[in-house]
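Next come the structures, one after another.
The two complexes that follow have chain A in common; it is paired with chain B in the first and with chain C in the second.
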Partner chain A sequence: MRPRVRLTAHPDFPLPVDPERGAFSFDGRRIPFRERDTIASALYAAGVDLFSRSFKYHRPRSLYDGHGFGADVLVTVDGAPNVLADRAPAREGIDVRSQNAWPSLGFDLLALNDVVVPLLPNGFYYKMFHKPRWLWPIAERGLRRAAGLGRIDVSGRDAERRYEKRYRFPDVCVVGGGPAGLAAALSAAEAGRQVLLLESRPELGGHALCDLQCVTFREAPGATALADLDGLAAHEAVARLAARVSAAASIEVLAGATAFAVYEDNYVAAQRGSDLFKVRAEAVVVANGASDRHLVFERNDLPGIVTGRAVERLVCRHAIRPGARAVVVTAHAGGYRIARLLHGAGTAVAGVVDGRPDPGSDEAVEAVRRLGIRILPGRSVHAAVGRRRLRAVEVGPVAGAGRERIDCDLAVIAAGFSPQLSLLAMGRGKPRWDAERGVFRAPELPAGLYAAGEVNGPARTGRLLREGWDVGAAAAQGRPAPASARAPEDAVWLLPPDVDRGGSKHFVCRCMDVTRAEMRCSIAEGYDQLETLKRFTSLGMGHCQGKTCYEAAARILALEAGAPADEAEPTTMRPPFVPVSFGVLAGRAPHLRVVRRTPMHGRHAERGARFLHAGAWLRPADYGDAAAEARAVREGLGLIDVSTLGKLELSGRDAAALLGFLLPRPVDRLAPGRVRYHTMVREDGVLYEDGTTSHLEPGTYYVSTTTGNADAIYADMAWWIERRRLDVQLRNLGPALAAVNLSGMGSRDLLQPFVDVDLSNAAFPYMSCRSARLADVPVRLFRIGFTGELSYEIHFPAEYGESLWDWLLERGQPHGLTPFGVEAQRILRLEKGHLIPGVDTDALTSPFGAGVGFTCEVGDRDFVGRAFLARERGQAPRDRLVSFRLAPGTPVPDDGVLVFAEDRMIGRVTSARASPALGTGIGLAWVAASHAAAGTRLRIRLADGRDVSGEVIAQAPYDPDGKRLRG
Partner chain B sequence: VSFRLTCPDCGKRHVNEFTFHGELRERPAPDAPFDRWVHYVRRAVNRHGMQLEWWRHAAGCGRWFLVRRDTGDNTRHESFRVGEAPRPPGGE
Partner chain C sequence: MTTLAKRTPLATFHRARGASWVSVAGWEVAAHVEGPTAEARACSEGAVLIDWSPLAKLSLASRQLAPGTELPPRRAACRDGRALLRLAPDEYWLLGAPGDEEGLARWAGAQGARPYELTGAYAALLLAGPRRDEVLERSTALDLRRDRVGPGSVLQSTVHAVPCVLYRSASWDLLLPSRDRAESLHAALLDVGRGVGLVAAGVGTLPIQLEEQAGGH
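Up next is the complex of A and B:
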């Protein structure tokens, strides 16, 4: 492996002078690199000819398209697999490793596939290992190990990596920073628009940066911004335009950002590193160009065979002499410019193989003639010769026999261009063949989406610039795009995709190693439509997703099927256009996640609370010991933050009517100052919610909801008010009010001295509410609670959150007041047998089976869920929610475990906890109605498989008569 | 879906700001036969083409409104305040 020559000067092109920057390692070998080198260009300059192994046959792979489309240059960089060496900049000290080779790149055992597999039919792994049946699991293991590209780093090193989402809202988004894209961006900016330009490479200019041709405008350029480019070489013209674009105040340039999808309504997705850009534009101009046409011939995948644009890039951007002796295969003037470029770079050009019978007298052709380079008209390449790399090519007539062998170490394929249509075609129909231009064209585009430049077919640079300018102006004004036009001299003479009848080494799909022989064999088996052929052979399903071969595959299929060329049709193009890492798509940015904290959150944190997520809310699960907290409520006094509850206030003429419609029990008989427990069902009669309705003042109702349903119920009320045009003033006080529940025997004694209402049982009994002042804070006071103790719920302005919390704790100290969390509350409510919707209910729960049928009054009145409840009321529930108690000393089952009677599964536990007050495990379970009677023994199967015994109890396990609650 | 929807109050916004609440359908009368209720609750029409449907600007102003939308490709849609939408036959 001798390093290749780095050029210092070129007669036709001003080479960049890039300083040496350092070195990195490739499979342990030291590779020096220069500024602006990619990993691939540095490897190529170092003389590396073997980058990786192909997917199926493990054939040697080297630099091919220079674009980073194909799988040829996939490497692992510092443990990250499938990095495109064509795109990734070389950096000091990185550890680059080859992929898909074992034990080593040079000696790859699986390369045996290359010898063996041609004897195996297509889809052999589906067919061969299925009989006898025991063979498949073994075969599959081996196949799986051999399949796939690269190895994922599972060390978790990137677990903390941040994936940002970024948003842009330009008037015009231009995809591609080549001649057409630059002109379009400038023209739209000149029309007064804000423009976003996405360019996937680090620098603007596109491939034209490597183009020798002169800009000539056939018509007047028509725009001052372009007029001065006439007569310049293309690379000079785009460099000038790029400078203007960078200087334009209303153009934002995102270099290194690759657009990978254009979704409906001009939503463009682009990635740059670990950032995902979501771009919403009024108009999108897709100008992402074309790449070299893929030619199929014998051994067309050998290292040493490269595309024309890859060669131009090697010379013009990286100042590398690409080879010692080259053959250029072409069908247009561009190939002659490449021959001239190679010649100037010191590569001996052994011949220009031109498919055209007469190359004509284009200036580029004349220049090659003057250099004395041999021109072989009417010919194309039939075969490559060599094993691990190219040694010669065999050329012959495009149609007819007779081959000539030409020794070379470089074969340049410059036979024309295939537009990169994915962004235009995805979700919008199939590209169609344009016989005049010899390319596939995008389907009809929706309003607001435009195409400009080579994506519409190749053309001289002057035309690309002009087209970009005109399309940019149309996009800026929202006009339909001007018709794309091409002159006869723009067209590239069309070589057949494969000049031979084809064989087992004619690679159509380089990524997946699909040959023309396999295609033919599969067609004979009946897979004669490209979509099915693709699925059967995996043609076009590799890393490049058909970007390289879509045109060749479609045309060869038409050829094989004997169909005319215009009926050739590529497979459906879908996002993403380039591989996107899952992190970019799915990675969550923690700082963008909504987190809701209660007004007293800081106090909980200071107290060392362990928080749990309840939807977006953070709630204290406990302050260290949930059981102790539960005991404190039973024996003394507890305080819980319930600010997360939904709090809705309804007033107005129709308030009672609306509640009567949304709740299964009307509120007409709810007197002012009284509170009622309610449930809510959906239209299908399924219980999904419970809460309290308070008649706060005559005509004003206050509804509390569960934390999780707060937003949905508010929205639902607003919906019915809107739909029925009701006279209801609905106020969502959830965020405006904090709330606490003071629970325990001492609660009345604590509060009474500081409130201006009589709290005695006679004046303020269980299930009552008052507006009051507590320590001069305006509060809503409710005598309700979930714990079964004498409790007061206090709702008050959120701005008093911390101060009232502190005040209560301070005053409560003599009473033994202890803050308690959600976990203690769950224990306490199970001791009272209270259900929690969503925990103890599911999407089929009827209120009758759940034991809350008393909240439903199914009469003639219309309300949400009435039709289904009326039907259920007449039927005995199949299952019932029951409280159960375990024998003392029995382990407490996990939530969700199964319940058996004899050997029959009859239900499941929904919640279970150890009760400090009762000294046993208690819980709620859904069981068959036949086993719901008090005293029934339940066999509960623990998660570890052991069974424990429980007993159904008729009433609440704790204080069944509610004496403490009502006391 | 990635299109922009028009809120009658706030204008054109990304569809992610809105919540979708199904096609506009007539709620059966309270005394309607039970199978009409089953049909109403369990079966959406799931039209391909223009459909009148409920939306809410949930991450914005909270407004409920109606949209007539081409469910085929989302390219055509028109928003209406409640009460200003054209009533389809059988609609609410």
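Up next is the complex of A and C:
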């Protein structure tokens, strides 16, 4: 393997002088590289001929288009698979590995597929290994192991890789930094618009940077900004234009950013590294050019067969002599310019094989003649010769027999261009064949979406510049796009034929190894439409998603199916235009999801709380031992953070009326200073919420809601206020107020010295509320609780959350005050038989069945859910929520397990816990009304299948008379 | 009686970072988080994120506002250290120096409006520095192009999925999320801003002081 020559000069082109920058490794071999080298160009310069193995047949593959479309140059870089070597820049020290070969790239045992698979029936994996039945799992495993490209690194070393979503809102977004894109960007900027230019390569200019032709404006250049480019070589012209674009204040250039989708409403998605750019523009100009047309002939995939633009890039951008002896296959003057370029680079050009019967007298043709290079008119390439790399080509008449072998190590396919239509065609219909230009063209574009440049068909640089300028101006002003025009000499009027030599190695789809023979066989099986053919053969479903082969597939299908070329059409083009990693689409790290924290959150964390998610909230589940916390409340004093509760304040003339409409019990008899437990039902009478309503002062009410329903109830109230045009001032005090519940028989003794209200039972009885000051902090005190103990709920400004929490714990220390979490609270409430909506209820729960019918006063007034509650009130519920108790020592069932009586399932347990106070298991269960009477034995099936026995109890298991609560 | 300190939702974060503290109108607030030198450098070269939560905040309804004080929707005016933000056709916010709630309420009262205090309910995160736009472009889908959303603009949207009010002045952007989501938003902003030199800073670097803004009141 000898390194290829790095050129220092070229007679026709000013080569870049790029310094050496270091080396990387390829399968353990040291590969030096220069500045601006891609991994592929560095490998090619180092004499590497074998880059990868093909997907199905494991055929040797090498650089083909040099454009970053094909799967031929997929490598693994530092563990990241499927990196396009002709796009990825070479970097010092990177570890590049070949893929899809075993045990090595040079000696790949799976290359046996190249012999065996063609002998199998087409689509064999659909047809074979299904009988006997035991065979398929084995075959499937083998096929799966053999299939796929690359191996994902699951070691986690990329876990810290950052994926960002970034947003841009330009007036005009230009996709593509070639001549048309540059001109469009400048033109739009000159019209006073903010422009974003997306260019997938690191430098602006596109392929015109390799173009030897002179810019000529056959008509007026259209803009003074372009006038000085007339007569310059195309590469000089675009370099000058690129400098202007880079200097323009109103143009933002995102080099290295690849647009992979253009969605409706001019929404462009682009990827740069691990960043996803979401661009919303008033106008989008797609100018992402064209790539070389793919020619189908025998063994057209051998290393050494490259496209014309790949050769131009190798010579002009990387100063590499691509081969020692070359044959150029063409049908237009561009092929002759490539022959001249190769000749200047020191490659012996053995011939220019021109499909046209008469090459004419174009300047480039004449130049080749003057160089003494042999021209073979009316001929095309019939086959490539070689096994691991190209040794020769066989050329012959376009139609007819007779072949000539020409030895060469480089065959250049310069057979015209295929516009890159995906971005324009996505979701907008299929491209149609334009016989005049000899290319597929995009369907009619919606307003605000424009096409410019080679994407409309190839043309000389002067015309591309002019078209870009005009389209840019139209996009800036929101005008319809000017008509695209092409000169006759721009068209490749005769396509070189895809010569069928009858072999099985005519590759149509290089990515998926789909051959012409396979296509023919599939067509014979009935898959004669391209969409079904694609799905049956996987044609165009590979890494490049048909960008290389879409045109070849369409024309060969038309040829094989005997349809006119005009009726050929490619498959539907869909996003993404280039492969996009899931990380880019998924965005930021999941640990950054929004959580809501109470004002005391930090204190809970410092105490080692175990948190649980309650919707978006983080609440302390416990501080290590929920049972001990529950016991502390019963025997001493406990403090729980209940800041997550919803807190809504209503005032105004219609406040009581609104609450009377939303709650199933009116509030007009609720005296100021009093609190009432309430439930809420939906229109269908289903219980979904409970809480408390407090009458703070005449006309001002305060509603506390469950954590999960707070936002929804606030929104519901706001909606009804607007809907009924009520005079209600509604304030959501949820984020403004922290809240704690001080629970236990010593709570009054702890608080009384520090508050300015009388806490005695007579002055401040159960279910009352007062405004007060505690530690000089304004608070609202509510004598309510969920635990069954004497309790005070304290609501106070959130900014005092930590301080007052600390203050209470400090003052409560002599009283044995202990913080407790949600889990202890759940135990305590079960000891009192209290339900939690959403936990002990479901989407069918009636308040009457749930035992909270006392919260519903149906009467004559109108309120939400009245119709259903009125009907249910007179009926005995089919199911009831009951408290049950287990025998001491019985295992406690999980929430949700089933309840049986005799051999019939009669219900389910909604909550169950071990009660430290009672020394046994307790819970709530929905059971059939026939089994809801106190004393009924329930058979509860544990998760492990065992049954335990429970007994329905009539009252709360703990303090059934509520003496402690009211004490 | 004890005078208890008011704390911002970022108190835990700042404690964990070893911030130095200062008392502002009864609030304990971070004076410096990464140190004066690092914060000053980030402020001039990168971006800083500062907890301005003690900023006084009041809300009032537009129909309560006296004639002549209205602003166009989504605009703000700031004079004498107080800012009036029009969030929506029927909703205004008043911002002022820490502890100025009573002054703001008096001003609102003079306009015949009944204000509601929001100081503790909402946090205020100040984003300043030359690269702050690069933080915002990674944080919200809002169009924040400076020629479209200039100083004095007020927007309501989500930033990192957190509902926020965004108030833009010439030299900073102020994000006002609800208190309970502030720590999440702060963490997300710091995370995306890491690559552009964003650091958490304190009020010692940029004291809580609203920037004058031409407007109607």
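For this structure, a couple of remarks:
Here is the rule we go by: the second predicted complex is superposed on the first by the 747 of 967 C-alpha atoms of A that agree within 3 Å, B and C clash if a C-alpha of one lies under 4 Å from a C-alpha of the other, contacts with A are read in each partner's own complex, and residues count from 1 in each chain.
Just so we're on the same page, a contact is a pair of C-beta atoms (placed from the backbone, for glycine too) under 8 Å apart; a residue touches a chain by one contact, two chains touch by 3 or more.
All values derive from a computational prediction rather than experimental measurement.
Of the two partner chains placed by the overlay, only chain B lies in contact with A:263; chain C stays clear of it. Looking at the superposition, the partner that touches the larger set of chain A residues, chain B or chain C, turns out to be C.
Using the contact criterion defined above for the overlaid structures, shared-chain residue A:735 touches chain C, although it does not reach chain B.
In the superposition on chain A, A:745 contacts neither chain B nor chain C. Using the contact criterion defined above for the overlaid structures, shared-chain residue A:627 touches neither chain B nor chain C, since it reaches no partner. Of the two partner chains placed around the shared chain by superposition, neither chain B nor chain C is touched by A:565.
In the superposed model, A:168 lies in contact with chain C only, and not with chain B.
Residue contacts after overlaying the shared chain place A:280 against chain B and chain C alike. Once the two complexes are overlaid on the shared chain, A:684 sits against chain B while remaining clear of chain C. Legend: residue contacts after superposition of the two complexes on their common chain; A:868 is shown touching chain B, with no touch to chain C. Residue overlap on chain A between its contacts with chain B in one complex and with chain C in the other: 280. By the touch criterion given at the top, residues 263-265, 267, 280, 446, 683-684, 715, 718-719, 722-723, 725, 860, 862, 866-868, 871 of chain A touch chain B in their complex. Residue ranges of chain A in contact with chain C, taken from their complex: 162, 164-169, 194, 278, 280, 588-589, 592-599, 601-602, 605, 616-617, 731, 733-737, 775-777, 797-804, 807.
Those residues of chain C whose C-beta lies close enough to touch chain A in the complex are 1-9, 11-12, 15, 27, 116-122, 137-138, 140-143, 145, 147-148, 160-162, 178-181, 183-185, 187-188, 191-192, 194-195.
Across the complex, chain A is touched by residues 1-4, 14, 19, 21, 28, 30, 32, 34, 37, 40-42, 54, 56, 58, 62, 64, 73-75, 82-83, 92 of chain B.
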